[in-house]
Amino acid sequence: MQLQMTVAELQSFLARDFAQVAGDFAVERADAAGLCLRLRVQDKHLRPGGTVSGPAMFALADVAMYLALLARIGPVALAVTTNCSMDFMRKPASGRDILAEARILKLGRSLAVGDVMLTSEGQAEPVARAGMTYAIPPLR
Amino acid sequence: MQLQMTVAELQSFLARDFAQVAGDFAVERADAAGLCLRLRVQDKHLRPGGTVSGPAMFALADVAMYLALLARIGPVALAVTTNCSMDFMRKPASGRDILAEARILKLGRSLAVGDVMLTSEGQAEPVARAGMTYAIPPLR
Amino acid sequence: MQLQMTVAELQSFLARDFAQVAGDFAVERADAAGLCLRLRVQDKHLRPGGTVSGPAMFALADVAMYLALLARIGPVALAVTTNCSMDFMRKPASGRDILAEARILKLGRSLAVGDVMLTSEGQAEPVARAGMTYAIPPLR
Amino acid sequence: MQLQMTVAELQSFLARDFAQVAGDFAVERADAAGLCLRLRVQDKHLRPGGTVSGPAMFALADVAMYLALLARIGPVALAVTTNCSMDFMRKPASGRDILAEARILKLGRSLAVGDVMLTSEGQAEPVARAGMTYAIPPLR
């Protein structure tokens, strides 16, 4: 399984096509096993009490899975999320970034399925887990 | 089934406890059948191409379900989302707000389950659907 | 929205193509709003304590959604379930059949999305709810 | 993390409390990492065409997660499934058993969350994946 995009290419893609949120994310790793994406936690991601908000975690999982998919098929496709099932398990650790580890479990002609595990940096136990499906347009 | 909070009280709660995002949302209705919440779509909610982003739709569904729950149990509880399963079905109509219709299907001692249907204002067909579970702390 | 199959045709399809389980199910209604399917609860569907088992409820939701889809597109397609997200909310009432009300929320070229509400016959409150996605083969 | 039940004890529990289906399943392994459960595929599990049915795969995931939970908390609790989100990714290989690898991601006082990966024996790529939540009664 050869990757079609490097970490630097994925980061550039993000900066160009998702300029509004690109500064929130850093691609830590992309390889055959999957992709690791960092959410640089800032005030705008927090709920009262200092917890990272659900939508911020959803966005992290969604972008991680999207980039893991592009790493495999290249930047040509305009894939869209069709399903996300997410379990929120623990309060993220205060003052730490969140890391998302995404893997592609199936890459079909029209559907890609993967899962994403979210942890607070330096912690072993996951804060959330997501199963995600993307529809891949027929143009490829 | 008597509600514990009025539309005005729900809106005030949002302004006080979720100040960062309160301006994005307007409670349209709250009654025994459920709650309708409007996302006032702005540039920050859009993806390239003008589509409302997945995280913005997730946030809308999450807040709608949360307020529907508080309308039933009052503003005392600190409920947290434990699961969300969301199907994204259609591209939202351009230039329109999105309305979320949330209903509580089960209100137990420790878990509340509901679903949320999202439509572009003025359209019949849903853009997304979510099933959501909230854990209710034992203090009530 | 005209249906492609009547209740009698759906029941015949079930008897022919799902002979092993056809006797468990009865199509109660099929119309533009959706389809209602009855699970004739028997001993084999029960867990210790007399509760209808999770797999029996999953099967009911799956078949209800499948038949609701065939009613719309006809018996030609070999659709397969790609995702099911199910909330189990209440213990089914003892000694009663379970009714599943399925509706199609999206019927696209390659994906169909719907939801299914399960109730014990004669009860208002749902025992379970499912969101389901079917992949439709390109042959249609 | 010490386990409260051995493989033999889990198998005995299944034989006693789930007599109807116990012969379908064999506990292959139980340790700190999780539990592996085998579905002994028989004719009754098949759909037309020889595919293992969705309900049979749901049952396998559900029992695997349940036993993984009991291995951790002992046979005292009467846990019930509250949510299952399942992705069906590939047709199971014909004539092979299916193996489910379950892990507990969170074991809280009232909720346990885990995921289950299903593969046809001898194949690397998964046929299905499930995220599951169990409610644990307060008696513990």
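The first chain written gets the first letter, and so on, giving A, B, C and D; residue counts start at 1 in each chain.
The criterion applied here is as follows: contacts are C-beta pairs under 8 Å (C-beta built on N, C-alpha and C of every residue); 3 or more make two chains touch, one makes a residue touch a chain.
From a predicted model like this one, the values you see are computed outputs, not experimental measurements.
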| item | value |
| --- | --- |
| Both-way neighbours, i.e. chains that touch chain D and touch chain C | A, B |
| Comparison of A-B and A-D by number of C-beta pairs in contact, larger one | A-B |
| Inter-centroid spacing, chain D versus chain A (mean Cα positions, whole Å) | 28 |
| Where chain A and chain C are represented by their mean Cα positions, the distance between them in whole Å | 34 |
| Chain centre separation in whole Å, for chain B relative to chain A (CA means) | 23 |
| Touching two or more other chains - residues of chain A | 82-83, 85, 87, 89, 133 |
| Chain A-facing residues of chain B, complex | 17-18, 20, 44, 47-48, 53-56, 58-59, 62, 80-89 |
| In the complex, chain A residues that touch chain D | 85, 87, 89-90, 105-106, 113, 115, 125-126, 129, 131, 133 |
| Contact footprint of chain D on chain B as seen in their complex | 82-83, 85, 110-111, 113, 133, 135 |
